[in-house]
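Alright, structures below, take your time with them.
Presented sequentially are two complexes of chain A, the first with chain B as partner and the second with chain C.
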Partner chain A sequence: MKTLRLITFLVALLVVNTNEFYPQKLTGFQIMEKVYDRPEGNDMTSDLTMTLKNDSGDERVRKIKQFTRDFGTMEKKIMFFVSPADVKNTSFMNWSYSRQGQDDDQWIYLPALKKTKRISSESKSDYFMGSDFTYDDLGDRQPNEDSHKLLKEEKYNSDDCYVIESKPEQLDYMYSRTVSWVAKDKWIVLKKEFYDEDGDLLKTLTVKKFENISGILVVTHTEMKNVQKNHQTIMDLKNVKIDSGIEDSKFTERIMTRGL
Partner chain B sequence: MKRFLVFIWILLTSGIYPQSLDFSGYLRNYSGMRAGNGNTDFVILQNTFSLNMEKNMGGSAFKINTMLYHNGSANDSILFKLREAYLDLYFDKFDIRIGKQQIVWGKADGVFITDIVSPKDLYEFLLPEFDEIRIGVTGIKLNYYLGDSGFELVWLPVFNPTNSPEQNSIWYPSSGLNLAAAPDLSKQNVAASLKNSEIFLKYSSLTGVIDFELMAGYTWDDDPAMFFSMTPGPSGISLTVNPEYKRISLAGGSLSSTLGPLVIRSEAAYYFGKYFNTANPATDNGTIVKDYIHYMLGADFMLWNINFSAQYIQKAIIDYEPVIISNNLFNGQYSDMVTFLAKYSMLNETLNLELFTYYDFEFDDSLIRPRVLYDYSDSINLQFGANIFTGEKGQFGQFDKNDMIYGKIIYSF
Partner chain C sequence: MNKILIGLLKYPYWIFGITLVITIVFLSQMAQNSRMETNLDEYMPQEHPAFVYSNQAENWFNIKDGIIVAVRNEKNIYNEETLTIIKKLTKTFQKMPQVEKDDVTSLYTADNIIGTEDGMDVKSFYSSIPASQEELDDLRKKVKANKMVYGRLVSEDETVSMIIAAINDDVFTQEFYEEILSIARETETENVSIYVAGRPIVEGTMALLGPADMKKMVPIVLLVITIVLYLTLRSIRSTILTLLVVLLSTIWAFGLMALVSIPIYAVSTMIPVMLIAIGVADGIHLFSHLQLFRWKNPEVELKDAVSDMLNKMWKPVVMTSVTTAVGFISLLTSQVYPIKYFGLFTAFGVLSAMLFSLVILPAGIMIFKLPAAKQRKAEKNDINSGFSIAEKILKYKSISILITVIIIAVSIAGIGKVWINSSFLDKFEKDSDIVLTDAFINQHFGGTSTLNLILDSKEPGAFKKPEVLRLVNRMQTEVVAANPQVGNSFSLTDYVNRMNKVMHADSAEYDNIPGNQELIAQYILLYEMSGDPENLWKVVDYNYQKLNVNFQLKSDNSKTINSAINKVETFKDDFQKLGIDMNYAGSGYTGLVFTDLILEGQIMSLVLSLFIVIMLLGLMFKNIWIGLIGSIPISITAIISFGIMGWSGIPLNTTTALLSSIAIGIGIDFAVHFIEQYKLYSTRGDKLLTAEKTISHSGRAILFNAVVVIAGFLVLLFSVFPPNRELGALVSANMFISFAGTLTIMLIMLNKSNIFFKNKKDN
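This part shows the complex of A and B:
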């Protein structure tokens, strides 16, 4: 009788803890959800420097001061262009919504015209300030906008990574597929390849540096290379502050026009 | 003038200015040649220095914007313009701006419907950049904020009319009237006084669904009314024209919103009491007072990676009478116009191709402005373009002989 009880107990223990002893393998979608849901803090302030390099080695530099705040159902972002001189004091504001299918609202303030203009956020395939990043590359693409497949697991540099292939649900999307190397313990995309509509490699994004700032992992140095044009954009984030308590009033037309 | 230049030079080179004073601006060379109709004269040989001096002190700020024009095609003349010089005071819920300032209202591009606080400088017609067309006005602007909405109150103690080109300029406009004698300008001044001041009020809101503005103004018509007087003399009756600025009021608004890939824009104003000229100079000095509506419907969109913008603009005289005679801006009861803009960027936005066009249905005249812009570096921008006028009459057709090609080199700092 005692033996029977022991067997029953052991079987029950096994049934209860199967998932712990043998964790279910994550799907591609679950991995990309974890990337999307990675904590980013309630607000962030940073100085962004974009260095654009063409195939002749000529460099152009754009400097931006940016503020982002999560308002729960929406995220607001405001950017002030510091250089080059001809775009100085231009500002850009974006309100993005967590509700699926709701387009972002975007405005640009042009100091020469002294006008705040509403612009369409539909053209996410537009390149941001002549860089190799499209507006879509810079935003947080929702996981359900693509179908994801776990291709393999491998080391990238010193990090164990999942390699995920993502194909867009939308037929006329600018990329036919992307392949991401996701660090297993950090849920950061360390490398991403973008393939054009013909299936050829178009761009490669590599994360060169990330830092732990106020308990949040922040990517502070990335490089995007367009292999077809041999053009490159290097993005550097400096003076990053997380959860510094940016006021609601920062994200208004008043501040867009007044500037920093 | 020389003293001013010396002052600026010392300021820039001596390092005596406060360290946190922010300097920016540009140096521009602008050359234009008339083309077509056998003309090859260089009508524009201009060097321009624009200097902004700004300082932000947290709760307050100031800005000074000066422009220095050297005109090589006009005996090396030098013209200094103080475009803006103002002080900002920032409070929790409101801001105050005092001084000479440019004020821009409305959602229309290239047309002025509710955007009438700052008058226009038409020394070179509508060809300069829009920030150069607007004249800074001296006054006080108060903004009171309610989240993403707010009120703006503007009080201008001094009236500034449209700045017209000199009579010998190729941009001197035709009045649209058959005048035998030069106008008598003795009544053209409006003295700076409390009674003659202008006041404007705007309520605006920027939301996720729609941006809109509602405005009203008690102002002066920027363009003078033409009063005719008939004087009997030994050789018969002589006709004199007395331009005189008259009061005008308006109320209007504008809005913009997105509809899928489209940005929809609209703007409208109702003008109360505009003086029009009549074919009968013996009655009311050849004038009649009417209200009119000025409105715009427009859309911005992208197709084939080209940014397009189109606007339809109409002016309609209320209670129209056929005795009203046409001028360059009004031709009959309705005046219809469209504008069209196409912009294409390439080479990582270093090369931009642009086409902007006005077309007026009433006069069948237009202004076509193709332009190529190239960023040679982060600081140097090169531009080549043309201004093509078509038609014979109207605000564009009157300059049919002024077709022009031009080039600009701009160094920004």
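This part shows the complex of A and C:
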């Protein structure tokens, strides 16, 4: 009898796959909630290098200095172009609201025209600056907008991951489902697959690098590949500062016109 | 050679058996391996620089041919019903597996760049259907104010709107076309009618209609040929044997094609045409000889009669076939693979026909015990009339020469009028649906055909420079203004003009390219942020180093494309000064280059084969003058048939160009048989008698041959597909010219030259 118990225990250990000692198995929803709730800091300053690659292998590189601050019900972001030279000091401000259905407010300042203009994006499914990221991909999607299912647990690179399938509750979402690889102890999505309305794989997001900055894990290098168009966007963050106390007054039209 | 052939007469069943086995092998190969090549790209010489560049450019800018669906409401399109149909059709096409979602353009998908109080917006014109009259009026105003859409996706009279579904070259099938047509038909209502056009439709329909029509017509052609053949040979068995030669050689040609896994191209459908025209000749000459021999020597055994036939005829049969085959092999010089294959397999077919004529035909005669046809009185008259014809021709030779010279002169003048046409649309009936729909869309919009001008700079960012974009803009305006066939043009400039305008409170004053590169770059960045940047990559590349300028043309014919290109080329120097090269891309342009290549190859091969024929005949008859005289039927047939095309306005295209090959094949047949007979009869030393005998012997066979083929191909005049009608008319004309040329001017030249007689005197 004792031997039997031992075997059962060993088998169970194998199935649960080692260093996992939660008494109860987490549900998909709980896992995604932990991802959503992971602390990200109140504000962030960084130098973003965005590299776009098309299917003929052409490359475009944009350097941007960006400031973000979380105001609870809204997130404000301001970006200044550093290069290419002909768009230097062009700035872009985005206020996004956590209330569902409320469109982002967006402004752009064109130094050549010396004017700030409002622009509007019709939906979150628009691609951000010609990249492979939609505004939605860049923002945090609330866990209750999807139904989540834990598919399996497996190793991704050297990290133990939960593999979660998420399907939108509402039908008009741009993806029919997404599959995320969530690192167990870090609650970071290391890889994510996006499936289009027809259920075909559309894009793959991979996190190549994350760093511990001021006690917070910050993803600093990601690649998004659109497999249908063979188009790729690489986002690389440098000089990341967390919680440096960016003031509310940083996010105004006047600051936009001032440049760097 | 003739000994072997006569020896084979002992084993007719074996010969039939072996041929049958080989034929069955070829047939089974055809059943397994034959496939029709429908992808037009496979026809193009992909390594040719123009195609290499065009293919690259098609990749850079996602250039594809579009199926155009026009939605028409006679009142106007701004009502719930029409707008719903536009939306529904757009979504239907986007969901089709043959179409990529981003490749569908319509009022529903179009971006509207508009100026607002405090900035710029890129919005769709509508997503849910406007319900109130107010909203409808608003939409109407928005469309009218946007030049990027007004006149392009919505006609200026507001009654028609276009949906364009761009597709890859290889997805068009009959089923796909039927599906689109049935979607269109089902969607039509009392108020809204729907039209389907565009190059894929035209190209696809043509690729399907041509062979389908041929399939219907060929049995009738064969039937007519059979009947006429029977009337001339006056023996069912001879008729069957002659047709068997054509049939077997066609099977062998296509069988070999299947064996070496080469697909059937559209031009390959011309192989049976060639083999019918050329293959019946040997049979007719052989039977004609046999018949005449048996009339003269009724007491001779059948086997001896056949032996005599082989003795006298094997040489001209081999000579004509080898020369014709070499003529076709000269098509290997063409840069276009389907044409090379056409030449090669026709040559193989011609040589097979030779083999069958010399082996199967005699074997068949032995097996079927061909009875000697009774000579009718009329036929005796025939021979007499042959005599009198020869006499007359030689009597009035100066008139013959004069007439020939005049006809040649008129034809040469006509050749100057021959025009090359790569148009697909021009191949359809003027009142066919496809032509009418095309005309309807051309009347309301810029045009159903596209010419892509690709500007290529060495310097990245060149197409953000004001001076460059201003030049592009000026060129676009001038090309459209100068040529009524160019409906409109579209490029990056249209985006920049529009954005400059809306960012300056919609002032028409700013509907132009700003003079500041930073501003242009920032506008584009702004568009990328708020619009669908995918649209930009259809007109400019990533590094702003290459630009795609679209010109919409109202016709796909070569004249229109060339006149647009000529106007564009006047800007070449200006662009060169800015370090920018010009190139062209797209299916309209490559079609043009392709047609030129075919013609170039065809003319090259015509000249080359003429030269080879002269040399071969010169060698065979051991006299170069005979070579020159023997080339007369070919030369005059080619010249006159091009002349006819010039005067009658039949354009040169891939089909009609290939017909010059038939001139070679038939011309050689006639010339060689005639000269060979002339030589045989010349031994008697009487010039007039030689001519008379040749006319009533060879001339008779040549007449039969001409009558049989002309009667058969005249059937094609009743075809519903214009290119097939042209084919019928031109083959018949070629046949007649060769016939007339051989019996008149060539006979006169032979007679005047005294070649065979001089030799006698020397001896």
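Please note the rule applied: the second predicted complex is superposed on the first by the 229 of 260 C-alpha atoms of A that agree within 3 Å, B and C clash if a C-alpha of one lies under 4 Å from a C-alpha of the other, contacts with A are read in each partner's own complex, and residues count from 1 in each chain.
We take it that contacts are C-beta pairs under 8 Å (C-beta built on N, C-alpha and C of every residue); 3 or more make two chains touch, one makes a residue touch a chain.
These numbers come from a predicted model, not from an experiment.
Assess the superposed three-chain arrangement around chain A: do chain B and chain C clash, or do they fit?
clash
So, A:Thr90: does it touch chain B (first), chain C (second), both, or neither?
Once the two structures are laid over each other on A, A:Thr90 reaches chain C alone.
For A:Leu260, is the partner it touches chain B (first), chain C (second), both, or none of the two (neither)?
First partner only, chain B.
With the two complexes superposed on chain A, say which partner A:Lys25 touches: chain B (first), chain C (second), both, or neither.
neither
Let me test your reading of the model: by the given contact rule, A:Asp103 touches which partner, first (chain B), second (chain C), both or neither?
first
What is the contact status of A:Val61 with respect to chain B (first) and chain C (second): first, second, both, or neither?
Once the two structures are laid over each other on A, A:Val61 reaches chain B alone.
Does the superposition put A:Lys155 against chain B (first), chain C (second), both, or neither?
In the superposition, A:Lys155 contacts neither chain B nor chain C.
Could you point to the stretch of chain B, among 73-81, 145-153, 307-315 or 325-333, that collides with chain C in the superposition?
In the superposed model, chain B runs into chain C at 307-315.
Is there a shared patch on chain A that both chain B and chain C touch, and which residues make it up?
Looking at chain A, the two contact sets intersect at 52, 54, 60, 84, 86, 107, 112-113, 115-122, 127, 129-130.
Quick one: in the complex, what on chain B touches chain A?
24, 26, 56, 61, 88, 90, 95, 102-104, 107, 129-131, 143, 145, 147-148, 150, 204, 206, 208, 211, 256-258, 260-263, 300-302, 345, 348-350, 375, 377-379, 381, 410, 412-413
So in the complex, the part of chain A that touches chain B is made up of which residues?
Result: residues 52, 54, 60-61, 83-86, 88, 95, 97, 103, 105, 107, 112-123, 127, 129-132, 231, 249, 252-254, 258-260 of chain A touch chain B.
Hey, which residues of chain A end up touching chain C in the complex?
Touching chain C from chain A are residues 52, 54-56, 58-60, 81, 84, 86-87, 90, 92, 106-108, 110-113, 115-122, 126-130.
Enumerate the contact residues on chain C facing chain A in the complex.
The touching residues are 59-60, 116, 118-124, 461, 464, 503, 516-523, 525-526, 528-530, 532-533, 536-537, 541-543.
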